[in-house]
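Each remark here refers to the structure printed beneath this line.
Naming follows writing order (A, B, C and D), and every chain is counted from residue 1.
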Amino acid sequence: MACQLLNGKKGIIFGALDSKSIAWKIAERAYEQGAAFTLSNTPVALRFGEINLLSEKCHAEIIPADATSVSDLEHVFSRTMEIFGGKIDFVLHSIGMSMNVRKGREYDDLDYDYFLKTIDVSAVSFHKMLQVAKKMDAINEWGSILALTYIAAQRTLVGYNDMADAKSLLESIARSFGYIYGREKNVRINTISQSPTRTTAGGAIKGMEGLIDFTDRMSPLGNATADECADFSVVLFSDLSRKVTMQNIYHDGGFSSMAMSLKAMTQYNKSLDEDS
Amino acid sequence: MACQLLNGKKGIIFGALDSKSIAWKIAERAYEQGAAFTLSNTPVALRFGEINLLSEKCHAEIIPADATSVSDLEHVFSRTMEIFGGKIDFVLHSIGMSMNVRKGREYDDLDYDYFLKTIDVSAVSFHKMLQVAKKMDAINEWGSILALTYIAAQRTLVGYNDMADAKSLLESIARSFGYIYGREKNVRINTISQSPTRTTAGGAIKGMEGLIDFTDRMSPLGNATADECADFSVVLFSDLSRKVTMQNIYHDGGFSSMAMSLKAMTQYNKSLDEDS
Amino acid sequence: MACQLLNGKKGIIFGALDSKSIAWKIAERAYEQGAAFTLSNTPVALRFGEINLLSEKCHAEIIPADATSVSDLEHVFSRTMEIFGGKIDFVLHSIGMSMNVRKGREYDDLDYDYFLKTIDVSAVSFHKMLQVAKKMDAINEWGSILALTYIAAQRTLVGYNDMADAKSLLESIARSFGYIYGREKNVRINTISQSPTRTTAGGAIKGMEGLIDFTDRMSPLGNATADECADFSVVLFSDLSRKVTMQNIYHDGGFSSMAMSLKAMTQYNKSLDEDS
Amino acid sequence: MACQLLNGKKGIIFGALDSKSIAWKIAERAYEQGAAFTLSNTPVALRFGEINLLSEKCHAEIIPADATSVSDLEHVFSRTMEIFGGKIDFVLHSIGMSMNVRKGREYDDLDYDYFLKTIDVSAVSFHKMLQVAKKMDAINEWGSILALTYIAAQRTLVGYNDMADAKSLLESIARSFGYIYGREKNVRINTISQSPTRTTAGGAIKGMEGLIDFTDRMSPLGNATADECADFSVVLFSDLSRKVTMQNIYHDGGFSSMAMSLKAMTQYNKSLDEDS
């Protein structure tokens, strides 16, 4: 079976850092499915990352950009359109960073310059990307734009800090711009809310291991992997999901619809036995 | 301070069984706040319960009724209107029962007669109550109707079984009838989604203790008690919440908006240490 | 491109009536994508419908069944497994019927025998299907089960009547059983919440035309068609959505995330101009 | 009946501008219910507003502050604690402003300095308020903090522009900080999502009149007024809602749970008749 869901489709993938990145897996899968695309990340990330490997593997040009810079984004889109000789079909936003998390500032002791930076990098960058794309008329009719998010946008997790707020804002931007871009160009915008995933970026979140164990036992299908997220992302880029827009879809093995599973309860009860 | 939020208000309270019942606490609080009401429960429940104590304390007549019987419900409303010489202002629905839970039938081995009974007793009874009330024009303009529910309606909990589905249906009926009763008589209908509470009825749920420990550690304010639920129920019966309708409000110490707390994670991690 | 997402997959499609049915379109699309399946509907529906055309086109055997009958469902699954020589991979539930709607009984004047029938046919049938499948161990690991639903489960629509409650219950069953079937067999269960669609069954809903015009103007991408729903259903049956479970996904052109669009507001304002 | 739900409670009300402001009504109602408080708004707003009238009526000192300035907020809290001789019990945040809306910048043509200003003024100010209060230990145990929001945070409305994103962020901050403040000090944080209300600030939203007509016909109880919002806000400041936290509660006459009402559909259909 030579199933190529993205045959002939062109795009841009923002945020692939190394082979643990979800964006990296999505790039690999999109390539397998017939897509062509450029890769973009910050100059710093490019310096430390292994993205040249991905670039070679997928025959994808790397275009450095600070995603908070409108002019950098304009360059990414114009260079991409130049490479492909026209409009593109999909964009992935997989960008998030919190200096408050990095510097260990607790949520009730935020540095506000950092907070605004978190918001600018992790959420407003998505709006900038969309506004630039629309102004340049860079996306074909029925194109698909996707951002990665996390359930912290709806439910608080200890340690996720100001990234939770940034993800809420990101999802709101997806809806707000999804309306405009949909009505005018039939472009759809969605977010995937993925299980906690061991990435280099995610490694900064405090107490990640216990959380991953818990969510795995809570989710009837277990945590979703980055590879599985890539499979589902391809679907959202494909023509099979043309009328899905302004949605946040949980790709999490069922976690979001659980309040307590047998496995997690059994494990938790062990801790109570120990106490007694 | 002689604050009597329900001064002059009349109502019916369905489902008080004994002093652990949430409905019992609501009756006590409504009485303190100046309300007059009748009490109704099934003949069987009345035989085993201590409801006479409540009846005396609140000067409330007991009207036996099977809440799945339209004619029984008609009797409750007509007798109540007779006692109070006219229309009433509030109704509480605190009724739920699953034979599948009682008989230990797992959710993938349901008895369908039991399932339909769960649905009829725990959810359709609410519709019957509302339809009877509306046909008899028994509720004053801006009256308030309330049913108690649980987060299992949105997120699955091991062991809650077919009661989860019944609660979903109950909340849907609150919305559907809330629309009709609102537009025609300005009567509002809401549900309160309460923390897990140690009641005689709730005692049948498997593994209740571990769950209550978990939700208490997850909720920033701890589990809400039956007494606190009674306080908030009084608010929803009062004129201070006149424009709140068709809503399901979480009264749960914050549990519904949490994915993982420090306390619950710390406790859970102990179980992992033990494993290793 | 010979993309066959469902190559080698076997299933059962419940509820195809005629070429306007969403289930019919899903059958056609699943067939194109390489799936083999049986078709099931009630004996009455089979008599009036054109399902033989679909059967021939898709080389799919028709197995009559009343979906509220456990023994009928057992027959559908055993016959299907017999045909395919083993377990199957997907099931579609597209079944709904309200005698209250048909007989013009308003929501505040429901006939309760009809109401329980609505619930049994439109929601409990899904549980029966799942329980039968699980008891017979009829579904392969990572199989996918899907039911069609409507936003009335979350937000009230005039005229949708007791079907709204049935759809809420259906979605709850998808979550409740999704947990059990997921943890034990890695089978996933989801619902698609589709735009209002002109089907023969949907024709019974009062005031359908105005509503379809409104939702079309509200949805940035317009209402989703039955064909588009078929595309997305195929995705949920495929291996690309393996970790999506217990979810209700809106396939509605964005309607569910809109409160007011320019097009709908402009149209609505015309009615106000007329009034003045 | 001398019902004084807020007897002995002290607080701060941010955002009262003139007698049409929701914050103004809340101040009046809180005063009637026995509360004492200070009032705060920006120096500019104080110059143009009529807030001296409110100040006199409620015996409330006015403390000018730019709510985006941490030092200004520190002053508001310290001065308030000085006036009342100790900690306070409640805070209202009713602050929002978008230069993009004011300057007529469409959502796909945002000025990013304005956007970050919208976010800082309308959402991050709430975090600053909370962080300042917590660092100064200014709130009593079981205190209550409230912010006003709008359904645009969940569902897109034409013309609401970047305020929708700001409100999403505001609600996220309420959850994130609600967790921290709850677990450490039993302070609760909620938002009320109010019907569209004709305020001086709201007047800037494009096409407000048609929208208000539509939401009024959609809501079974009609739009909620500012006075009714004040009633419900008092409830959330009172001890009757002690275990409600991290919630967004719709105070909207039922609008949020409606997809289509008879009244709105009838009105809309007139516009279709006109077209034909």
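Note that in this section a contact is a pair of C-beta atoms (placed from the backbone, for glycine too) under 8 Å apart; a residue touches a chain by one contact, two chains touch by 3 or more.
Just so we're clear, the structure is a prediction, and the values are computed from it rather than from any experiment.
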Intersection of the contact lists for chain B and chain C: A, D
Set of chains adjacent to chain C and to chain D: A, B
Far-end chain from chain D, centres as C-alpha averages: C
Comparison of B-D and A-B (more C-beta pairs in contact): B-D
Computed distance of Cα centres, chain D from chain B, in Å: 30
Chain A and chain B, separation of their C-alpha mean positions in angstrom: 41
For chain C, residues that touch 2 or more chains besides their own: 155-156, 158, 175, 178-181, 246, 256-258, 261-262
Arrangement of touching chains [line / ring / star / complete / other]: complete
Chain A residues touching chain D - in the complex, by the definition given at the top: 70, 106-110, 112, 115-116, 119-120, 124, 127-128, 130-131, 134-135, 153, 155-156, 158, 161-162, 164-165, 168-169, 171-173, 175-181, 246
Residues of chain B that touch chain D when the two form their complex: 1-5, 7, 34, 175, 178-183, 186, 188, 195, 219-222, 224-225, 228-229, 231-232, 234-235, 238-247, 249-254, 256-258, 261-263
Contacting residues of chain A [partner chain B, same complex]: 151-152, 154-158, 207, 210-211, 213-214, 256-262, 265, 267-272, 274-275
